[in-house]
Amino acid sequence: MKIALIGAGRIGQVHAQAIASHPEASLAAITDYHASAAEALATQYGSQALSAEAIFADDTIDAVLIASSTPTHADYLEQAARAGKAILCEKPIALDLARTRDALQVLAAHPVTCALGFNRRHDPQFAALKQALVEGRIGDLETLTIISRDPTPPPAEYVGASGGLFRDMTIHDFDMARWLLDEPITHVQAAGSCLIDPAIGKAGDVDTAMVILTTASGRLCHIGNSRRACYGYDQRIEAFGSKGMLQAQNESETRLRFTGEPGQVEEKPKWFFLERYAEAYSREIGDFVEAWQAQRAPLAGASDGLEALRLAEAAERSLKEGRRISLDHIH
Amino acid sequence: MKIALIGAGRIGQVHAQAIASHPEASLAAITDYHASAAEALATQYGSQALSAEAIFADDTIDAVLIASSTPTHADYLEQAARAGKAILCEKPIALDLARTRDALQVLAAHPVTCALGFNRRHDPQFAALKQALVEGRIGDLETLTIISRDPTPPPAEYVGASGGLFRDMTIHDFDMARWLLDEPITHVQAAGSCLIDPAIGKAGDVDTAMVILTTASGRLCHIGNSRRACYGYDQRIEAFGSKGMLQAQNESETRLRFTGEPGQVEEKPKWFFLERYAEAYSREIGDFVEAWQAQRAPLAGASDGLEALRLAEAAERSLKEGRRISLDHIH
Amino acid sequence: MKIALIGAGRIGQVHAQAIASHPEASLAAITDYHASAAEALATQYGSQALSAEAIFADDTIDAVLIASSTPTHADYLEQAARAGKAILCEKPIALDLARTRDALQVLAAHPVTCALGFNRRHDPQFAALKQALVEGRIGDLETLTIISRDPTPPPAEYVGASGGLFRDMTIHDFDMARWLLDEPITHVQAAGSCLIDPAIGKAGDVDTAMVILTTASGRLCHIGNSRRACYGYDQRIEAFGSKGMLQAQNESETRLRFTGEPGQVEEKPKWFFLERYAEAYSREIGDFVEAWQAQRAPLAGASDGLEALRLAEAAERSLKEGRRISLDHIH
Amino acid sequence: MKIALIGAGRIGQVHAQAIASHPEASLAAITDYHASAAEALATQYGSQALSAEAIFADDTIDAVLIASSTPTHADYLEQAARAGKAILCEKPIALDLARTRDALQVLAAHPVTCALGFNRRHDPQFAALKQALVEGRIGDLETLTIISRDPTPPPAEYVGASGGLFRDMTIHDFDMARWLLDEPITHVQAAGSCLIDPAIGKAGDVDTAMVILTTASGRLCHIGNSRRACYGYDQRIEAFGSKGMLQAQNESETRLRFTGEPGQVEEKPKWFFLERYAEAYSREIGDFVEAWQAQRAPLAGASDGLEALRLAEAAERSLKEGRRISLDHIH
């Protein structure tokens, strides 16, 4: 599968590495707003720097991986669909529902394999948790508790352009919740505060938040977010059901334990998503290649992006209005 | 300190044992609605069975421990206050705010040492967590996550008389939240479902619930409840702050680990509150004796019961109305 | 059961507390080389200070608990046996085999309930491990690994009178090994060094040691000792068999976990035997009372003291001679 | 670095993968006793199948990785040294000391970069433990406890050709002990039994063993081996010192935890060395490439093989003779 990479920034580099390591994928071309970045990465992986136009026009290229800046995602996605190329698009497709829906319509008109970069579904531990749920290990799922904290807050200027905490950060947790709850989410309640960086508050956003989701059958889900966990990336999920509980725990570089003056000490969790989800990024490419080869749906698709965005929209409204928001009212 | 026990049921027996084991307390008398129960327990501990009237009239008795049925708490508490006896009253004082306020007024008019049976404040692990918060171990507290699940649901008939999940079960978590958050809680959001026993739903209650509390400074607290955790009593608290995280974990009988076919297996959590909080009940008596001797306030007092009940009331309203409830409106 | 305590020092005080807390035992009298110590303890527990002679002569006293200095154990034990009193004797009976054998002969001539203070057999976690072995949880036991480290080395002068590391400290591990291996130990190999305190080496002893025991059927047991574990009392046992492994782990005051700059930190192990084996001392009294009432053998008896001492003797010889020592040669 | 692989069996395939994944190494050629195996592997990795002669004669090949059957190691190693090629040789060089010394003499006469396949030194967790020792995290190292158990015993016929447990399996532990103890080992004591498969006993070997090593300064090291741990590959190291303890723990596929009827269950350890040391094999190639480029010694070299073999020889003698063996007598 010949994949062209759109965007040679930090996350683009992660994908370049994953593509290069996959036995059945190759990095056919790279483009970036900064041509020099594309060239540098192309040199590193023995690929070529091309313009986006040239990529879409090149019939030997099977797929594009869209890892450019968020505002460009939807346009590239539509161009790629029209060019008949398989797509792996970093989330989000867009920060608003209308633009996202438009892109989905183009995809409907030009059906191609289209995967969305909800990388956490590919994490081995979360995947094992999902598998255990499917196998009925805990009977009927009743509640889900998702803790998701970043190690450091982004600069306030980033926050302004990010669409806010729910669209930028919680969006991953909304997707995990949807994937694991496995039935329609009907209501959203949210609370949030600015406790870490006043500049985030001035930008109109929160840096600490809690959300409750309710599903059609009454399952409940808690999401707890913080923009700053001084000890690293805190990524845990607890699924509770009629026959037991499953807990995905934080991971650290090694399991070495020291016992001494301060107590019994194990390593801190891995620092951030590049470390924690390194394996997930690799598996994400694997799923994309397989889905394209087998003409099956990838593990996360474009409509998952839309649905997660609806939840973010509902959470934002709940935070503002102090009410439980029904998903029926989010279009 | 000569303590008379009112109520010789299950929890009364726990207290009898704790009193008998305390070097500076003695079990002066026992009364119960069922005289035979009082007599049996009196025999076991070398005490005497008396009527409640006789207890209140006996000047050699310093204190009463009220462990009778919930509807009798407030009356006994008022009688004890009027009789000038120190009081350790099982929670709740009453299931409604008005009756609770009346009792507090009587206490105000007849000031005696009055402790309320929020036993969890006396748990060594939770107490260590509180102490670490006070010492600033995690910097500024930002969020609290309380998981509190019972091993088995009560019979539906109990549920009807209990005041509902928030007043009966979450009340303990509300108290822990108040104690640990250490500032006024301003808003409550709640969600709930009946997923375990339809009879509970028919009785108008939920058996699975999630609550979000917000404090004056914006701290957030999640409480997750279930009436049935098949693996035992699930009692965990996670405090998250600017400099780290504290986690109180479940306890088991021993730390013996088996590794074999099923994996690496440690014991289940202790089954229920009698096992999990055995040490807490003992320390509760200790605190009561000390508070009385030193004429200081006990760790949990009558007003803590009122405040926890206000939170329960707010949660119930939020669940029904689908809104965030301000505590300003709960009188 | 009316028990007289011989010896009011540190360990005597632990036993006094355990006796006083037992519902069917009472502290009938206390004696000590220092009469004032006996009196102080008697006052604390509402008992009486008597001479040893008076105790042995008092027909209302059922039992003696010998917790005096080591050199006096055997004499007191013989006097008690001749007086027909049940005996709970702190280990060791004596530091040499001959004196121990003599005491056993007196016991054989005057059969009374006689328990030896191998307190660890009463530890709930080790008892659970033993129970799991008996139930076949790990199939056939093949190896045992015992880690046993004290928090701080004793003063060198103590070492001189203690009989050396193997007789003083490893003796507990030899007993655990015998109890858990559950078949005759046939050979002993030992190694040792003085790494912690040169004064211990000058006194002719080691402070760091490793021992291998081999049983009749070929089971192997490792014992690893140190006189100084800076993080507290390190008491772990690992039993390995054909169907799995059991691990008794260190215990700490609470399971509170802190995650922050240094990593994920749990509390240090409990500091020393008084903390770690508090529950074991209590259960030891319980077993003693029960054994006497039921006229059954206590969990650890006088012959267990002899056998553990033979292993210590063999280890000492192995260390000196650099050879594997057969127990056949230790009389 | 152009590397030719000698041996296309199971471990050869692991190395082929590691070489192919290394950015600065390439798999130049493959040879095997079974030509078809070499061809199949060459096809898989886009390499070529050559004879060993052709490999040694090819000046464009920089290095050979010897992963053929044990009896051929020494010959290939000598040929490679004479051909001036860098060498990464699977352990052991040979099963006897004389043949090993001969090979070392050839290496001395033809100095090339020569790494020995003690893969465990490259394990991230053990490497972190070593690093912590070097940094003085536990002060002075006093004792080492190595638990090393295979999941299943080899067929008895393999045992016969393997040189016995100490040369075949414990050899890795001897190397770890040497690396971590970081000073000369002076004495060896060993015990062993046949508890798992009587056929192993008939072949003259043991399947369960314990060893004590003593170093020049008196540090002690325990090695505990079993040929069968039903729960998987048990690979743990505990280093104990004056300022604390370091414990390298078993690793599992994920950290997912299930709590339910059987208790709190985490996954079994990884099954065997291919899973547990996958990362170590990859790092081993990295170290080899770096050592060759920088003309520095690799992390484990040929003399480490000789020294570990001397310890195996001493352990075997100790087991047979029932004596502590001085390394001075092992030539």
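Each chain gets a letter, A, B, C and D, in the order it is written, and its residues are counted from 1.
By our rule, contacts are C-beta pairs under 8 Å (C-beta built on N, C-alpha and C of every residue); 3 or more make two chains touch, one makes a residue touch a chain.
These are the chains along with the protein names UniProt gives them: A, B, C, D = Myo-inositol 2-dehydrogenase/D-chiro-inositol 1-dehydrogenase.
Since this is a predicted model, take the numbers as computed values, not measurements.
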**Item:** Reference chain B; chain at largest CA-centroid distance
**Value:** D
**Request:** Looking only at C-beta pairs in contact, point me to the busier pair out of A-D and A-C.
**Result:** A-D
**Asked** Could you state the distance in Å from the CA-based centre of chain A to that of chain D?
**Response** 41
**Prompt:** Taking each chain's centre as its mean C-alpha position, how far apart are chain A and chain C in Å?
**Reply:** 58
**Item:** Interface hub residues of chain B, defined as touching at least two other chains
**Value:** 230-231, 243-245, 258-261
**Item:** chain B partner contacts - residues on chain C that touch it in the complex
**Value:** 21, 124-125, 128-129, 132, 137-138, 243-251, 253-261
**Item:** chain D-touching residues of chain C, taken from the complex the two chains share
**Value:** 140, 142-143, 145, 147, 149, 187, 189, 191-196, 208-210, 212, 214, 217-220, 222, 224, 226, 228-231, 234, 238, 240, 242-245, 322-324
**Message:** With touch defined as at the start, can you tell me which chain B residues reach chain D in the complex?
**Reply:** 230-231, 252, 258-269
